[in-house]
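We just call them A, B, C and D in the order they show up, numbering each chain from 1.
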Amino acid sequence: MRAYAAQRAALAVLQLAVLSVLVFVLTSLLPGDAADMRFTETLTPEQVASLRAQLGLDQPAIERFGHWVGNVLSGDLGTSLISGGPVLDIVKASVGATLVLTIATLAVVVPVAVALGILMGTRENGRLDRTITSITLALSAIPDFVIAVVLVAVFSLKLGWLPATWVGGDLLASPVLLVLPVGVLLGRTVCLLSRQVRAGTINALHADYVVQARRLGVPRRRLLLRHVLPNAAVPGVQELARTGDTLLGGVLVVEAIFAIPGFATALVDGVETRDLPVVQGLTLVLAVAALVINLGADLVCNRLVPRSELLR
Amino acid sequence: MKKPEAGQLAPSEPLVRVRGLAATAGPSILVDQVSFEVWAGQVTALVGASGSGKTTSALALLGEHGDRVVLRGSVEVDGEVVVDDDGPTEADVRGRVVAYMPQHPGSALNPARRIGAGLRELEKLHHPGRDVVPEALRAAQLPGDRKTLRRFPHQFSGGQRQRIALAQALTCRPRVLVLDEPSTGLDSITRLQLVGELRELAGEGLGILLLSHDLDLVRALAHHVVVLDAGQVVASGGSEVLPAGPELRVVHGSGRSAQPLLQATKLSARVRGQEPILREVDLSVLPGACLGVVGRSGSGKTTLARCLAGLHERYAGEITFDGKVLPVLRKRTAEQNRRVQYVWQEVRGSFDERRPVVDQVARTAERLRGFRPLEARDEAVAVLARLGVSAMVAARPPSRLSGGELQRAALARALLAEPDVLICDEITTALDEHGTGLVVELLQELKQQGTALVWISHDLGLVAAVADDLLVIDAGRIAEQGHPATVMSQPSSEVTRRLVRAARVGQDPPPPVPTTSSDTRSNLL
Amino acid sequence: GSAGDQAAAQPQQGGRLRAVFAGGGAKEVLDPHVQSLFVDIARHKAIYEKLVELGPDLKPVPRLAEKWEPDAQATTWRFTLRDVTWHNGKSLTTEDVLYSLARMADPSAPDRVAQSSLASLDLKRCRAVDKRTVELTLTAPNAEFPALLAGIGTQIVPDGFKDPTKPIGTGAFTYVSFEAGRSMVAKRYADYWDGVARIEELHLLSADAEARANAVQGGQAEYANDMTATFARTAEAGRTVKIVAAKGSTMQAFVMKTDRAPFDNPDVRMAFKLLVDRQRLVDVVLAGRGEVGNDLFGKGYQYYPDGLAQRERNLDEAKALLKKAGLVNKEIEIFTADASAGFVEAATLLAEQAGEAGVKLKVTTGSSQTYQKDLLSKGVIGSHRSGAMPIPQYFTDRLLSKSPFNVTQWRRPAFDAAFAAAQVLTDETARAAKYGELQKTVRDEGGVLAWGHPDYLIAVSSKVQGVEAVPPNTLDQGRFDKVWLA
Amino acid sequence: MRARTPVAVSLLLVLIPLLVAVFGPLIPVDAAPGMPYERGAGHPLGTDGLGRDVLELLLVGGRTALGMAIGAVAIAYLAGGLIGLVAASTRHRWLDELLIRPLDVLMPLPSLLVISVVAVGWRASAVAITLAVAAVNVPTVARLVRAAALDAASSPVVEALRMQRESWIGIHLGYVGRAVLGPVAADLGTRITLAVFLVASVNFLGLGLSPTAPDWAVSISRNREGLLLQPWAVLAPAILLVAFTLGFNLLADRLVHRTRRMAEVPR
């Protein structure tokens, strides 16, 4: 277990290191730099050039990267080249919105998907199973931007029941802001998750140990709760980790449509404005989150079913 | 539902009474007019070839049946009617009255639960407020300390897991224990321990229903024997109704004087990052001779065979064949490849599920002997027929063949190469007596034509009969080597002595049962 | 139009107004001298004021300066300050003005946007004449100097102003909070000199076009800036939203580089001006919400020459010119980007229309973020848009040899000289006449193909009153102290 | 009990958009350009925001919408599949490590970053976007193929085939390849729909093709403003896109179902 943790940690450090270099190289490949982004009709090329010098963008790339690494190691994500504010603030602000959205989505998705999955699994190939499968499959086949456009048109513009955008809204005062974005994200996530839970349930139901427990007189309810569910949860937890990853990392479409100032928007903005420290910082935070989520999922699975392989 | 107290039953009444049990699945009849009884403190054995309906009959005791199977007749357990002419009744005898141990009990343990939790759960369900777990553990010969109870199933060895499953069954304090093929895959020593455990349980008043095609085991344990064939009872009574094993016509090796055909010197093998599995094994096989290899489970027999076959590449030492060094399979010439063949222990896994068996068998002749497809197929069909596998059966994909049929097909696949050395790894485990007879007969014939055999088996009697030379392996080393008759009658090493003595289960004279402490404890932490 | 409603309804006091502008994300700033986005401008307009502002026809009008007067050469200007107080209660002084001008032109801060336009200001010789008068001296005469003081990034800040995150201005609203890319909140300033604002609280929000549309329609905002024509069409079908349209306020154009083949050939430039179907572009790209352009900037502004004939499509003549230039069936790349609404659409349509004249135009889309800068160096013809500004400033910025944003690479010493000569004329009519001639030259020989003047569209919820239909960059655009909620 | 959606329906759902995408550009539609968001008047599905005929756009807009996604998945499988197969079948552990480890390291790289970098760096290039979407998929595909192939390549079947001196090709195409095919086929179904989503999202967000490109997703994106004026400009391409992904989802579901049933054959 300790060896495993050490190995995982070493891999994570390596991943983060390689990732940072990669992100730096990738973004350096882009034409133009942050100073160019400031160019307007009112700023002369000379002004832009001296701005570039002020931002330190005239230094060689290696030097800038070294500087950045040094800062990060001392716990400082640097300052944005565009706004001049600390990157940490930008990361915090965007993570906040994304986190709220992710948590709200999962809070709806998990109970629904688990209930549906177990329902489908215990009635494998029955009418209910097929009906739910068809519905979730159909929902998951609609691209989220199509759902979003339609939901907004119907519920906000036509009926006027729900706010169509986060602009001008205060999340604390009006949590209804979350309804449409979560609704858009619901279809696919519920589908994926419930199908994993269903498969897990079916596998567990057919497993020798469940058959044997039943033969030794364990009643059905208890069988489902104590024998089937923990084993069925394993694929579900893995899928949940993937869903968490996706939600945290890139629901750009939803963010764009509902004007949610989240992670994906910040990342794409950062790339578009060549605000390297921001891109680096966001990627770093996201990668750490992904690593932590996956580690957590593995640990949970190992806790649920101790035999399950820790390292692939 | 009224349940008679255990003591109310007159001792003259059977615990289980099955009368005219029939099971049908659509048009096919799985079991017909089966009747038998199980008595408290006694062992009733259901024997019969594979597919004869043993499991189907036994599951009826729980009122269970396979998918789309219809039960009829009458099954009464401990005074409750479990099955009547309308099929299973409402009666619930599971666990509390009848505990069923499936064929591979290892996989019947929930990987997600500590074994203690599993046992306590059953205790609470069936005997709330009573402390029955320690008793069950003792009967299953498991330590009952907290540490053991807090472990997960995967932290036990295969043999231990079997005993945990037994302990679970015993925690229910059933009146009847049903055991489905409990001896498959056990070496003779472990099997002997099982006999002891079961005797003790019967002695405590448990009624046992034993399903097995291991006739020696049945002979050793059963008070009543019911012989099934194609779903019908063909005989019942005491152990005298058991069919006698066919006499094996054994011819011993001819070419005593010739050069050794296959020779291994100082063979050591290891798996990545582990202790060596084989240590400095020497052996040689003469043309037309048979080398028997025996040993406890996990002693390294298969590894030895795979080294010789060139499949296990991490070994030290030298293997020579026909006077020349024999490299690993990848580097063998086509001729060497053809002349040394191997039959897998795990046959099921060695066939491609998607192609008909006969095609896969015939491929050997095509690739190694240059036959054209049609010729090869004819040859394959002929060899399979000699082994008792019809062309119709062989034309199916492997998943639709029985274990025994597939085992013979694997043998045929190797034989089609006309090898000079044939390495057989447990090739009769899934065969009934008739099938074993066919296989032995064919191999004897080849032997006479000069083919050398390496024969690995748990069945000491069989090996002693067919081998010219016997190798006993223990923990990767050669424990003993010599003429089978000598080894069997005057074993010089401790392992051999115990293997030989234990192998006499069910044969007369009944063996004394020497169990050293290491047998039950060796696999514990 | 809002004029009628305004007359009818009695102005109401109080309430909160949420106005959404195109957001700039992290680019948004609080420093009034660094601004460049509409949202920044609106924000700073609420808090700060300039000495001079631009009227609806882009003509300078007095704000913090009550009046001004040049000397005969238009080199030294005297500005008389209004008696107003800062949000912290202090009075506006000449020191404040001099400090502000110095801060705008500070060469050590390269991001101050007014730096180049105020380069002619001779700061050392500027001085306070008395408590209410400052004398500003230029290095070269310029009769348009007041307009320069109305340009972007020329807000007056208090003397010693260092920390832009603690804004103190003289404007109608006092600062409460700001989050770049999201919102600014401000409260009305009770001592505002030009009439206390009617609304109590002002929220300036940032969002992209779709979110702006949804917000104003869904009731999350009462005012949305810079709307699309399609939105206007949709909104007019409903009752919740009104559209306030400033007719023909900006300019949509294609710019041809006059120093690069094939557009170094005046015939080719003229051919393109003739082959374009302006009405179709206006109908499709501007969805009919705009006026046809006449290859000139500033329709309806001060100094726009009247009486010029509208240039019409003439395919035959265009074809003849193209044939003469040997361009028939040749491929030319047109450089565009999704940098501004309608750019790519217009380029795509132009490609179709050029095809009808026998020239293949290949549309190349660049990065929207760097488009402005890329356009200076890349391509031979590209999409272009110009916001509202006084016509002389347009010349200075884009049509002189030294102009920083000379996208047509229009470099004519004679033209430069003529413009310089016109700019020193203190007589407005004489100046206007000179400007008119220069504009005619550009129209006939230059590289600007101005095909349309889109309406500037603002959407307001039906209860908002008092929003003026004026071009952007003028005093009443994005101004909230005269607006009220009915 | 065969009560899942009939194969014919799923196939139809997939085939209609596919056929439109492939053969649509060959069908001549002579519609004069109209005004933005017009209905009727010689335009059966009306016009879009640029006054173009929606039907005509629909016929030409599938090539990129589906082609880029299918191309990306094909490339991902070519590259990832090759890496996975080689990694699984090599006897050299270092080669396996060399091929697979870097992919592990790349796993947490947000795909959004890769795509936005490519989108910003190579503006409006269909090839670049296709490659980016493919690249994002390579690690997963490689791991999937490797796992499946590893299972097969280390099974006794392969040993038995080697014992029969079956050729390398015979073993790898005949057995390993076929064993991999099951999981791959199941994965392919979901992967293509995901790729269609991804490509469409990229185009929808304006990070991909030019905003005037005749592409279904671009049409949806660019015309959604006029949804209430002329819904077909949005709905028609959306319906085709959804039909394709829905059909593919249903087919994939069936396939998974079938492979699971095959694996459940009683032994």
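Keep this in mind: a contact is a pair of C-beta atoms (placed from the backbone, for glycine too) under 8 Å apart; a residue touches a chain by one contact, two chains touch by 3 or more.
A quick note: this is a predicted structure, and the numbers were derived from the prediction, not measured.
J.: Could you see whether A-C or A-B has the larger number of C-beta contact pairs?
T.: A-C
J.: Of all the chains, which has the CA centre nearest the overall CA centre?
T.: Chain closest to the assembly's C-alpha mean: A.
J.: Compute the distance, rounded to whole Å, between the mean C-alpha positions of subunit A and subunit C.
T.: 41
J.: Centroid from C-alpha atoms only, then distance subunit A to subunit B, rounded to Å. What do you get?
T.: Once rounded, the distance between the two centres reads 51 Å.
J.: Suppose each chain is reduced to the average of its Cα coordinates; what separation in Å results between subunit B and subunit C?
T.: Once rounded, the distance between the two centres reads 90 Å.
J.: When the C-alpha atoms of subunit B and subunit D are each averaged to a single point, how far apart are the two points in Å?
T.: The mean C-alpha positions of subunit B and subunit D differ by 49 Å.
J.: Multi-chain contacts in subunit A: which residues touch at least two other chains?
T.: 31, 157, 256, 272
J.: Which residues of subunit C are in contact with two or more other chains?
T.: 210, 367, 369
J.: Determine which chains touch and list them pairwise.
T.: According to the stated criterion, the contacting chain pairs are A-B, A-C, A-D, B-D, C-D.
J.: Considering only the defined contacts, which subunit B positions touch subunit A in the complex?
T.: 62, 64, 92, 94-96, 99-100, 102, 104-105, 107-113, 118, 121-122, 125-126, 152-154, 165, 168-169, 172
J.: For the complex, give me every residue of subunit B touching subunit D.
T.: For subunit B paired with subunit D, touching residues are 309, 311, 329-330, 334, 337-338, 341-342, 344, 346, 348-354, 363-364, 367-368, 399-400, 413-414, 417.
J.: Over in the complex, which subunit A residues touch subunit D? Could you list them?
T.: So the residues of subunit A in touch with subunit D come to 11, 14-15, 18-19, 22-23, 26-27, 29-31, 125, 127, 130, 133-134, 137-138, 140-146, 149, 153, 157, 206, 249-250, 252-253, 256, 264, 267-268, 271-272, 279, 283, 286-287, 290-291.
J.: Going by the contact rule at the top, pick out the subunit D residues touching subunit A in the complex.
T.: Result: residues 1, 3-5, 104-114, 116-117, 120-121, 193, 196-197, 200-201, 204-205, 207, 217, 220-221, 224, 227-228, 234, 238, 241-242, 245-246, 248-250, 253, 264 of subunit D touch subunit A.
J.: Subunit B touches which residues of subunit D in the complex?
T.: For this pair, the touching residues of subunit D are 155-157, 159-166, 175, 178, 265-267.
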